[in-house]
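A, B, C and D are the chain letters, set down in written order, and residue numbers restart from 1 in every chain.
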Amino acid sequence: MIKVGIVGGTGYTGVELLRILAVHPEVTVSCITSRSEAGMPVADMYPNLRGHFDLAFSEPDADILKACDLVFFATPHGVAMRMVPELMAAGVRVVDLSADFRLKDLDTWAQWYGMAHETPEWAEKAVYGLPEVARAAIAEAQLVANPGCYPTAVQLGFLPLLENGLVNPARLIADAKSGASGAGRQGKIGMLHGEVGESFKAYGASGHRHLPEIRQGLTGAAGADVGVTFVPHLIPMIRGIEATLYAELKDPADFDRLQALFEERFRDEPFVDVMPFGSHPETRSVRGANQCRMALHRQEQSSIVIVSSVIDNLVKGAAGQAVQNMNIMFGFDETLGLQAPALLP
Amino acid sequence: MIKVGIVGGTGYTGVELLRILAVHPEVTVSCITSRSEAGMPVADMYPNLRGHFDLAFSEPDADILKACDLVFFATPHGVAMRMVPELMAAGVRVVDLSADFRLKDLDTWAQWYGMAHETPEWAEKAVYGLPEVARAAIAEAQLVANPGCYPTAVQLGFLPLLENGLVNPARLIADAKSGASGAGRQGKIGMLHGEVGESFKAYGASGHRHLPEIRQGLTGAAGADVGVTFVPHLIPMIRGIEATLYAELKDPADFDRLQALFEERFRDEPFVDVMPFGSHPETRSVRGANQCRMALHRQEQSSIVIVSSVIDNLVKGAAGQAVQNMNIMFGFDETLGLQAPALLP
Amino acid sequence: MIKVGIVGGTGYTGVELLRILAVHPEVTVSCITSRSEAGMPVADMYPNLRGHFDLAFSEPDADILKACDLVFFATPHGVAMRMVPELMAAGVRVVDLSADFRLKDLDTWAQWYGMAHETPEWAEKAVYGLPEVARAAIAEAQLVANPGCYPTAVQLGFLPLLENGLVNPARLIADAKSGASGAGRQGKIGMLHGEVGESFKAYGASGHRHLPEIRQGLTGAAGADVGVTFVPHLIPMIRGIEATLYAELKDPADFDRLQALFEERFRDEPFVDVMPFGSHPETRSVRGANQCRMALHRQEQSSIVIVSSVIDNLVKGAAGQAVQNMNIMFGFDETLGLQAPALLP
Amino acid sequence: MIKVGIVGGTGYTGVELLRILAVHPEVTVSCITSRSEAGMPVADMYPNLRGHFDLAFSEPDADILKACDLVFFATPHGVAMRMVPELMAAGVRVVDLSADFRLKDLDTWAQWYGMAHETPEWAEKAVYGLPEVARAAIAEAQLVANPGCYPTAVQLGFLPLLENGLVNPARLIADAKSGASGAGRQGKIGMLHGEVGESFKAYGASGHRHLPEIRQGLTGAAGADVGVTFVPHLIPMIRGIEATLYAELKDPADFDRLQALFEERFRDEPFVDVMPFGSHPETRSVRGANQCRMALHRQEQSSIVIVSSVIDNLVKGAAGQAVQNMNIMFGFDETLGLQAPALLP
């Protein structure tokens, strides 16, 4: 059993970590912090956890955190950045679910997050925690930057195309859609049920923070600069991301081997499921599960490859992937605590 | 490991049984039948089960079913009634999720279900499977009638009041609301998203099939005839039932001891959670979980006790309770396969 | 054409007033105030009004308001109370959509709204604006207190029973359910889509501000004290209220004449529709429309009358009823601007 | 006043026509046909129309239809095709909301709709009823093919780019999303609330019937063949389409004049609203209204133009556009009956 701490546990990724860890056989949660809710029992805020955790939210306490084997950060950006050095020095391992360590180019980071990065040395050392790309490095890492939700769905869908150099890297389009839980649990008018319900819209269409993260990942896969257009949209539902990806095959004849290529690429991945050619993955098929499902499409004799990729933004897009990373880091079976099927319907 | 068969697996309770059994350590699902979909892999219809089951739907086959230790019926009414005798004779145990064996008064059954009961001897022998009332009998039973969804939420909320004779049994009101999955997975126009979404209505307000089942259970608890008014409503969501119950305390002074009484009544029940007085249970706090949560309320100096009781209609109201019954019947830990917290948000 | 002002226009009732008044042939909206959004064009906040209004939100200006023929208050409680005297003195007529003038008992008002009433003389003079009860007084009134949403649905459904003394007035139950827009447009965590969506719960079950307003209205109808239990619930949708009402007939034989009695009571009411006995009114059948639809039910030989009553909380429960009151006050056809059918589906 | 008939009125476009025509000052609906529901009062199926129409559904009767000034077809494909010649011969004008007369290439039509076209002469004469493109021809037409919902949103958004030859016509992408009402009102399991709710998916990604219609329209606008990839998605809501369009500017310097170009193109269009550059149109801003709202976006220095275009699929995407066409055909003010703002929230 390892001892785990969670910093910033009042948001949706915090409760999702607890939901998953409640049935994880190798983990004890020793603290969950929240400045604003210190003292409140976790189960009072999240009654689904009644009977599962006796824990109350506590003020962040460096000594308690340093006694953990692993600390998850489920905080707004700018928090982990400042707390990580002390934990690193104490030998604690960290999975940061915020954006603090995802980008290697810190000028870009500063531009999108509106502040200078304060611990560039750790930004450099952090491993970007997409297991399907960096499993070995994650296993050795002390600090893992857990990928963003959109970047997970988009990168996984493009990977086999870019790694094999099959498509024009300059003209990638990712039209992505997310449920409302992606915006977190803060009292914003724009995220009220009365505003989000029964409506659909694009947002951040002129530029979104996940764009540089996606570009960085795709550039890595392509081994060359990529041009990617990324438009997120808000779906009137709670959980789930669907990304429809468009890329132009350099040689349309390659269409014949794409399905096999995708299946081969993810054959040993426990959490990526390539459906039969022409399938339509539904977000509900991954609701609550640490899964990415995807399928390929072609329209008539077009040279455009279409990939539809779905995840649960709170699981494979956040807390589930964080636990997957933890499993890798501590040598547990990678699927431990993550085996239950999605909740459908 | 026991071998389990599921008859009629294409509906929502069928897939829910599979979802739960997928992580049950003592069960192997050996067959799941469907006349209409025979041959189709289960995971083609329910992609959340991809990677969990290799099974395909099959024609019902008496020999295969008779080789099971337990058979679940997730069929429309009238099916289990006819197939049960052969399974009983073969020594197979059965949990019937349909309404065939719930009512002891077969004239009432015939009136509400529009056909004569064909196996009255088994209707008499069947144990009504509400574990909080009949655990010992369930453990011994060969045939368990799994309770309806509304009756589960309503009975659990009224039980402590009636068992202790605290309220006027002639004037009980149960105003209940359910998500759309309660209507099953059939192509009815009235259950289209375009009809159900963004709207709310009562239905069956002049009489619903669950009324006699509720009355039978409450009469048992009260040890006397009860008068109960039951109005179900349709909520524009998928899973969840909330029942708001109204009863008149014979002696308003009893209000002071109600909370303790409820807590005591359910103290040892793993799947009933009495929240603090004045709480408001949310259906999402039990989504996907085999839980009933309830709370008590009083308005000013009124003599009316208000109980709000929530369940997931597909879990504690159907498949979860069926697995709970199975656990009891086979001497497994009652919570096996049913421990995961609800999916919130 | 009359000149109309709206105070506090950024909430859902404010935009709903504008939506309705946009097609009202006898009204010009001369100002809409908002301290927080002064200067912002109304159509920037509510793009559905692009092309309909050139207006921007403005600071409240007494001179401009006093130049209006009618001022609507769509403010939190406590605001209209203070501004009304100056408008009254100027001869301006007011329809207050807030709770400030709804209760005649100001101790009760103070208890539920957490402040002392500052203009008791106007609380006394204000006419409670339920046209089906007080049409003549509304026509003459300078100050109309527009009823609350729940109280509208509940009172209309109980009226014929109480006015005719047919039911036991001590034991009325109103189980009511509302869409999320009833909570207004403020950044409360509890009203986020992630909190409200796909869930259902009771709230205010131990006491809600609309309870004394309901009791006042029903007492008036009964001509005697009433005992009413009122439990509101939150539906995961935007617009609509359904109230299921339970009352005990003194003489069950009266069931035979109830339908005729209800139809007769509302025969000349343009905005109350009594459906055939045993119907189930849907909230979507009144979405966007100034309608109350209701239907009666009886279960077997019970003495309990069940009434299901639906309204759109923002229309007949707020802005629509306010415009209906305006029409009455200014001698317009009562249905002017309110004739369009509900938006279904 | 003109006399109007509706053939096939039980679906969502049928009730939507009635909702709009209920307040149209120049129209009397003289019949609404349905073979399956003949005899049923329209308001029994659609209670929002209680008090608005006394009409019952009737068997289609050629004499009654021929006595109409205009007949709307709201039928599945294949019906209007057969009935139109008789109406044409009788001098009746027709707006066909089905797909029968939308495509000029009848081989393509046969391929996508699975039957041979039976009245090719009328397919040739029919005017494709997108008023923003063909207003003059619509005014003169006897037979108008009302555009599909997706094609309306997609064409309007691409028009200014293609008409002015600003983008590469070979590489257009339309990622479109629709509410569930677009699938009509038929008892399909896949459209149940339990299937559609809280989930999102692409469908028809390998090819959808609206693709050839979109291609035909865009080819017309470009004056040259276009290559377009079109992927529709299903949103868990009832009404609304959002299409995010991607096109590559031939000369990125043209970005500077795009906004002015779009505004100019639609300046005189009553039902197309170009929002400020960088806006995010919401489907709710057009709910129930005959509007298309759109906005332009650019990401960093990309050469990709992004257009987000929204309509209500039942209004500007079906019944509203049909009434707009009727207004044009009969010389009424084009906005008659279509002026009310959208229902928001």
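Please note the rule applied: a contact is a pair of C-beta atoms (placed from the backbone, for glycine too) under 8 Å apart; a residue touches a chain by one contact, two chains touch by 3 or more.
Quick caveat: nothing in here was measured; it's all calculated off a predicted structure.
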Chain A to chain D, fewest steps along touching chains: 1
Contact-richer chain pair (by C-beta pairs counted) among C-D and A-C: C-D
Distance from the mean Cα position of chain D to that of chain C, given in whole angstrom: 36
Inter-chain centre distance, chain B versus chain C - centres from mean C-alpha coordinates, in Å: 38
Distance from chain C to chain A - Cα centre to Cα centre, in angstrom: 45
Sites on chain A at which at least two other chains make contact: 12, 181, 185, 194-195, 197-198, 236-239, 281-282, 284, 287, 345
Residues of chain C touching chain A in the complex: 12, 180-181, 183, 185-189, 191-198, 236-238
In the complex, chain A residues that touch chain D: 171, 173, 175, 177, 179, 194-195, 197-203, 205-207, 211, 227, 229-231, 233, 235-240, 242, 244, 246, 248, 278, 280-284, 287, 297-300, 302, 304, 306, 308, 310, 345
Chain B to chain A touching residues, read off their complex: 12, 15, 18-19, 22-23, 46-52, 181, 185, 197-198, 238-239, 273, 275, 281-282, 284-289, 293, 339-345
